[in-house]
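Both complexes shown next keep chain A, but they swap its partner, so chain B is in the first and chain C is in the second.
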Partner chain A sequence: MSSVLIVGGGVAGIQAALDLAEQGIEVYLVDKAPSVGGKMAYLDKTFPTLDCASCILAPKMAALLRYPNIKLIMNSEVLEVSGRAGNFRVKILKKPTYVDWSKCNGCGVCTEKCPTKVPNEYNMGLSQRRAIYIMFPQAVPKRAIIDAEHCIRLNPPPKAKEKAKGPLCGVCERNCPTKAIRYDQQPEIIDLNVAAIIIATGMELYDPKNLPELGYGKHQNVYTNLEFERLVSATGPTNGEIVRKSDGKHPRKIAWIQCVGSRDVRFNHYCSAYCCMAATKQAILAKEHLPNVECTVYYMDIRAFGKGFNEFLERAKKEFGVRYIRGKVRIDEIPESKNLKIVYEDTAESYLKTEEYDMVVLSMAVTPNSKLSIPLELAEGGFIKLKNPYLDPVSTTIEGIFVVGAVAGAKDIPDSVTEASAAAARAALIAKRLACPTPEVVK
Partner chain B sequence: MTEPRIGVYVCHCGFNIAGTVDVKKVAEYAKTLPNVVVARDYVFMCSEPGQDLIKQDIKEHNLNRVVVASCSPSLHEVTFRTAVAEAGLNKYLMEMANIREHCSWVHHDKEKATEKAKEIVRMAVAKARYLDPLEELEVKAEQSALVLGGGVAGLRAALELANYGLQVYLVEKSPTIGGKAALIGYVDPKTKGAEIVSKMFELIKECPRIHIFTNSELIQLSGFAGNYTAKIRVNPRYVTEKCTLCGECEEVCPIEISNEYNFGLNKRKAIFLPFNNAYPPYYAIDHRVCVKCGECEKVCRFGAINLKQEPKIVELKVGALVIATGYDPYRPFKGEYGYGLHESIITLFQLARMLDPESPTKGELIIGGKIPKSIAFIQCVGSRNTTPGAKEYCSRMCCTTAINNAIKIKEKYPDTNVYIIYKDIMTYGSDESLYEEAGKKLVQFVKFEDKIPRVLITPEGLFIEVFEYTIQENIRIPVDAIVLSIGMLPPRDIEELIAVTRVSCGGEGFVREAHLKLAPVEAPTKGIFLAGCITGPKNILESIRMGSAAAAKAMSLLSKGKITIEPMIAQVNEEKCSGCAICVGVCPYSAISIKNVNGDRVAYVEKALCMGCGTCNAACPSGAMQHLGFKDVQLLAQTRAVFGGEVNV
Partner chain C sequence: MAGGSEFISINPSLNREVFKLGGKSLLECYQCGSCTAVCPLAEELNVSFRRAIRYTQLGVEEKILGDISPWSCNLHGDCTDSCPRGASPSEILAAIRRYQANKYDWTGLARWWNNSSLTAKILTYLAFFAISLLFYFGIYWQKILQFASTGKLVILSELLIPVVAVFVVALVILAPSGYRAYRFMIKDKKKEVGFFKSLKLIANFFIKLETESMGVPHKRDRILEHVLILVGLGLFILLAIIYLVFPKFFEFEIISKALIYIASLSLLIGVGSPLTKRLMASEKTHWYYKKFRHPTDWMSLITLFPVALMALLVFVFYDLSMILYAYIAFALLLIFLIPFLLLEFAFGKHTHWLYKIIAYYVGARTGYFRGD
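And then the complex of A and B:
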């Protein structure tokens, strides 16, 4: 029996790994980040059940560690794939973490002592982390990593370097109780032989700066929905306190703007599928945190298509008083108050209106992480193309390589998890070298 | 019993617990409890360093009991059990105190919440003193699976499982496999449902391990994950493999009823072939309407008809069950948007079927005897609370299906005006491209909000009156035909499914998953998996993928050839048992029977069948029935602890 490579350690990759490992198949799970978890690890709650995201994800992440046949290859990327179904040869670049992970126990002493502060990506830059850091508190594996670009030792400021006689800083090395710091760690190439590959590289948010009319990056109190997710999260930069960037005050009126970069002929034609319900959820969360806040969602169509979604939407309207207005918007900042003036066409009345808000959240389009070193064909929107989804589910244009989750099309968590299990079934047949007739393509 | 040495571990869960509970105080308090040797707090107990703390303490302090005060055991019990096992302790010597869901999340007053957390910990410690080591049981797992439902989801699951090497029994209640996908025409602009299904039939035929039972239903399921016994009733087809599909029988059959395989677009006989590529490829007699006149038997030259066939009961041993029994289309009541009052008011399923070249109209759009010059789709019929009979949920597939068929109409009949009257267009993901294309093809979209459209049947023809939302005006659209975009309902026989398999349903009527987000293809009962629309509306692709996904879960369950059974189950103290059999009656899993031990009647628990629900435990009048995870002595200790009494029993 042979092994399976999974590229991407988000919820889809994790699920595929667990399903395969349970069958005794050896799994290599590669992620470019230092921890598994993917985008779901950034979320506060999930729609429509309002389950705490990390509470339901963390047990799955922890489960990865219980299988001796799952090998986590973090901070790494796939360089090259050759061969064919049943026998792929894979080259993986493991980038240095500058910490010996076999020694590091995630105690976090180094992250407290390190003198260099940089914006924390996990909190979307809304808080700071140190140059040596653990990606987030429930990281799996929970290991420290040095951000070489910002580390004084690894990338000393030129002037300081001139003055200093020996190497600079070294605080983490001196304080590490397990002597795990390795400033001289080098990139490593890992060669693997695998029977099948599952691509689960997920998505990123579209760049909101491409829509200058919304003022993201210029107007302080305009947030992306992922930033808002961190802001509302108990593990976020404000411990769940919703406050404005400009003055630290609670907002009284928040607006969500839907279809930012999606369903827009200028940018992406597709619908991003998750954002209507995500905005509805965020509006409910805002109401739970700040009972007097007024929440308004500007939309084109409210897509409440999944199980429990329409019920959730009705609850948002009736129980929480969330207002939905159908119309496209422009956002201007009021310089004195840093409040935001939304100019919109209320399509119900075909009338241009304006309304003032304290905070605006942009429901961002997703873009697939499909720039891979594997020559897979792409479909419209840059998503990885499915060869023949009706008869050969989750298969890419290369036999033995499967694709799941948002990199194969914008989708939500349950659909991603379902696809992950589907891919696990199909990859298992190859890994266990069982008869698997390749069906003909429907024309 | 050796003296308990207990370690208590209080989790901050970031701010989830520490925000409302003073975790340091709770840990300090725990140190004062009897038998507690060590107590600590940590930011995330479930993280690797958190688990390592526990493991180290077990070794250093020679702990023999562990209490973790954190979240619900449904989340991390396995994590902590594994951790204590790795440190060499029996994993059932770990007790969880839920100070998150039961405390920090539901309170605001930090002082009082801290006091409550202390009490919860005190109770857990009291119970922990009486924990016993337990051993897991192992039973053999059957290398076979039962797939209920022969639609695309069931077929896909069957294919994966059979390829994996398992024997697969595919049980379908109608005379052919293929489900609704075979009937609904074009599923995307280029692909016909019938083609997908035919290709799947080819694969199924090549698979010797797939055993197909058509005209069949599951009538009884007993046993447990890995070891189910399924009773299947195979209803007679009355037509044997000798059938050559000549069709002469059909001509002589005097009974004619509405043809459900064409969604009522035409009639069929009591002896019929569901559709051209139906599989197995034989005629069938519909026993519900057949009068057994014998005409078909007389005319059949091949002796393929046997009206004396009787139902058969087949018993199967299977390790897992995949439920893929699909959905029923919404049934509009008479008069709902004029349904049933005018021949030109049809459903989306009828329209989609009609546009299939193999339909009664050979793919032509003929409604009420003519090609409509103007046709309107009304969306959300039966969905999203539009009418009093409608469901609250969105049926997910109807917008895309309506638009896909609208495009087909525009391609074939460019001069026909097509309107889609909608609330919100739900072409999510890449289906948005169809919406765009429909716009380019000049399909006209008319939006309504709370006021639903009215269908007017007048001597001048059909009209739709609707308050158009974007122009805020009442408009009246003259149309030749109206298509009601009906949604999906749980299948008619879902009650029987629930009775036999003991799955449960959500408020909307579909089968409930183990977890809506993260376990979408598993039923809460181990060994039962779900695929396709039985859990709620889906499109064909999603249903197919769910078939593969459900198969993956069954593979995982059965791959080791054996199943581990949790030892947290009921046990009889035979000396105390009076043999009253109250437990036998209350057990929902039929796990208890009465046996004779040296002339005494005593209860006997079949370990593999016991699910550990505790019902017998509570019902037993003599205290003979004990739940190994919740013994009376443990629960009493907990109860005393909460009221501040003696911790000793």
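And then the complex of A and C:
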């Protein structure tokens, strides 16, 4: 019985790991972040049922720890892959966490004592974390990690370095109850031998600064949809209270702009698939948080294709009174109030209109995390090319390497999970030597 | 939609014709409306460029013929930069404009002129040029020599007569076209605004628009060039009228000379600058001109440039006391003017002065200006 490597610990990677582990196959789960969870861990609720995202995801994440045959290799990257289906040799770079994870118990004392404050990536920079931190409260594995770039001890400011005689700071080391801090930890190369590989590296949001007419970064109250998701989330920067960046007040009118960077020949040709429903969900969440808020979605086409999606959309319109307006927009800021003036053509009426909003959320396109060290063929849009999109939708062009989730094409959570189980089954065939793939050497 | 008959007739070849007239990206449009949203005009005018493009795609000719929005477009090209389909809405609008102008023209010659290729245009232009050259030098050569021997640049009215006649002919050709344009545009619309208030609205609109556009270099340059051409042409027409009606004005040599130099220099710069930019246009410099490359755009400048050049040369030669050359330059100026007036002014891109005025007037009277 041989093992399977899964690259990327998002919801798809977790599902594939659990499916394989249940069959008794040894699984290595590699993620560049210090915790599994991926983008789903950032979400507050999921569409179309408005289930709490972490209530679905956290049990799956915790389940990873229950299987002795799942090895989590966090804060790591795949450096090199060679060999062929049934016998891949993989080199993994395990970057230092500066904490001995076998001793750390995730108590969090160090994160309270650390004097250095840094913008929190998990909250999209809307709140702050310390230089030693646990990625988020439900993190799996719940272990602390030092951000070497901002830590005073590891990366001292040049002036302080000249003055000081010995090593600086060291607060976390002094306060750690289990003596787990290792400032001298070095990067580690891990060599693995696996039968199959599943790529589940997922996606990133497209950079909204490429669309200057929407003014992201220039206008304070323009948010990306992931930022808004953190804002409504109970674990978010404001503990779930929707407030504006500029004045800390509750917004009374919020607008969502669809297709930002997607379906646009200047940026990405493809439809990002999740945003119509995500915006509808966020509009409903906003209504639930602030019952008097007015929500408007500006769209080009609403694509409610999945099971229950159209009903969800109808519910948003009828039950919650979310307005849908067809038209692309330009956003201007009103300097006094920091409100946003949306200029759009109501294409149903062929009339240019302007409307003032307190907050604008951009439904960003997704771009795949497909810059890997594995020489996989890419398709249009940078997504990993599938061997046969109809009959073999989880196989890459290399035998024994499978691809699931948003790195193979923009998609939502249910589709990613479905693919993960499919890929797990295919990988298991190779791992259990039930399938004899044609030999094909990876250079 | 307001007004109109109950049934709308469709012209299936409309989108093909507009495509041929330069609207190459017509069928790319998927009606998102971002062109209207980013347009600096749309905030002031109650127009929808998207709707005009949609009607063209569908072939609703009767809606297109009376649509004033293509004429209100100033070809800034902001919409082209923000189009998610990579289409060029301003180019499509320019093509729709050509289509409309072809239909407004009652002679049917505009249709041929706008549809022909650049080579055909240049050849036609050269033919007209040759005819007027033969005509002028055949009839007036002896007179020119005779005038030149007087050493003064005064007895020009005789030379002016054929050009004035051609100008009148061009106006006579244009007048019914203008009336047709007015009928098409005013159809199914109600006059809501008084005449004087509508003039005020137009003035306000232009002041606001030009002040806004002055902040953007390529827009500012285009406005200045356009103003220079208008000033140059306007002054020349004014001076010609003064010359024919009240020739004594030219005895005030300093004033008249200053006016003549201002007119010819502004015309030369106004035409020369966009023409050179158009020739040099690449991705980095003058990229704006890459957006508008229809033969009519070229011809409007190519035909006007020698006129401007000759106008300047007349007075340069005169001031250098090279009277014969001044006369020849003057004759050439008139020779170049004839094909310009007969082709470009009567049928080509330059007809936009008439249709634009009519469109703005109709727009102002029927409540198309938001105004305040």
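Definition applied: the second predicted complex is superposed on the first by the 433 of 443 C-alpha atoms of A that agree within 3 Å, B and C clash if a C-alpha of one lies under 4 Å from a C-alpha of the other, contacts with A are read in each partner's own complex, and residues count from 1 in each chain.
What we mean here is this: contacts are C-beta pairs under 8 Å (C-beta built on N, C-alpha and C of every residue); 3 or more make two chains touch, one makes a residue touch a chain.
Please read all numbers here as calculations on a predicted model, not as lab measurements.
Partners chain B and chain C, brought together by superposition on chain A, fit side by side with no clash.
Judged by the touch definition given at the top, the superposed model places A:G308 against chain B, while chain C stays out of reach. When the two complexes are overlaid on their common chain A, residue A:G327 makes contact with chain C while staying clear of chain B. Contact with chain B, but none with chain C, is seen for A:Y390 once the two complexes are overlaid on the shared chain. In the superposition on chain A, contact of A:T347 is made with both chain B and chain C. Vertex at chain A: the C-alpha centres of chain B and chain C lie 100° apart in angle, rounded to steps of 10.
With both structures placed on the common chain, the touch criterion links A:E213 to chain C but leaves chain B unconnected. In the superposition on chain A, A:D264 makes contact with chain C only, while chain B stays out of contact range. When both complexes are overlaid on chain A, the residue A:P141 reaches chain B alone and has no touch with chain C.
After superposing the two complexes on their shared chain, the closest approach between C-alpha atoms of chain B and chain C is 5 Å. Residues common to the contacts of chain A with chain B and with chain C across the two structures: 263, 326, 347, 350. For chain A in complex with chain B, the residues that touch the partner chain are 11, 15, 19, 22-24, 46, 48-49, 51-52, 55-60, 62-63, 65-66, 105-108, 137-142, 234-235, 239-240, 263, 269-273, 301-311, 314, 326, 347-350, 379-381, 383, 389-391, 393-394, 409-411, 413-415, 417-426, 428-429, 432, 434-437, 439-440, 442-443. Residues of chain B that touch chain A in their complex: 14-16, 19, 43-44, 46-49, 52, 71, 75-76, 78-79, 82, 156, 160, 163-165, 187, 190-191, 195-196, 199-200, 202-203, 206, 383-385, 392-394, 396, 424-433, 436, 449, 469-472, 506-508, 510, 515-521, 535-537, 540-542, 544-553, 555-556, 559-560.
Chain C contributes residues 30-34, 36-39, 42-43, 46-48, 50-51, 82, 84-86 to its touches with chain A in the complex. Within the complex, the chain A residues that touch chain C are 213, 259, 263-266, 300, 326-330, 343-347, 350-352, 354.
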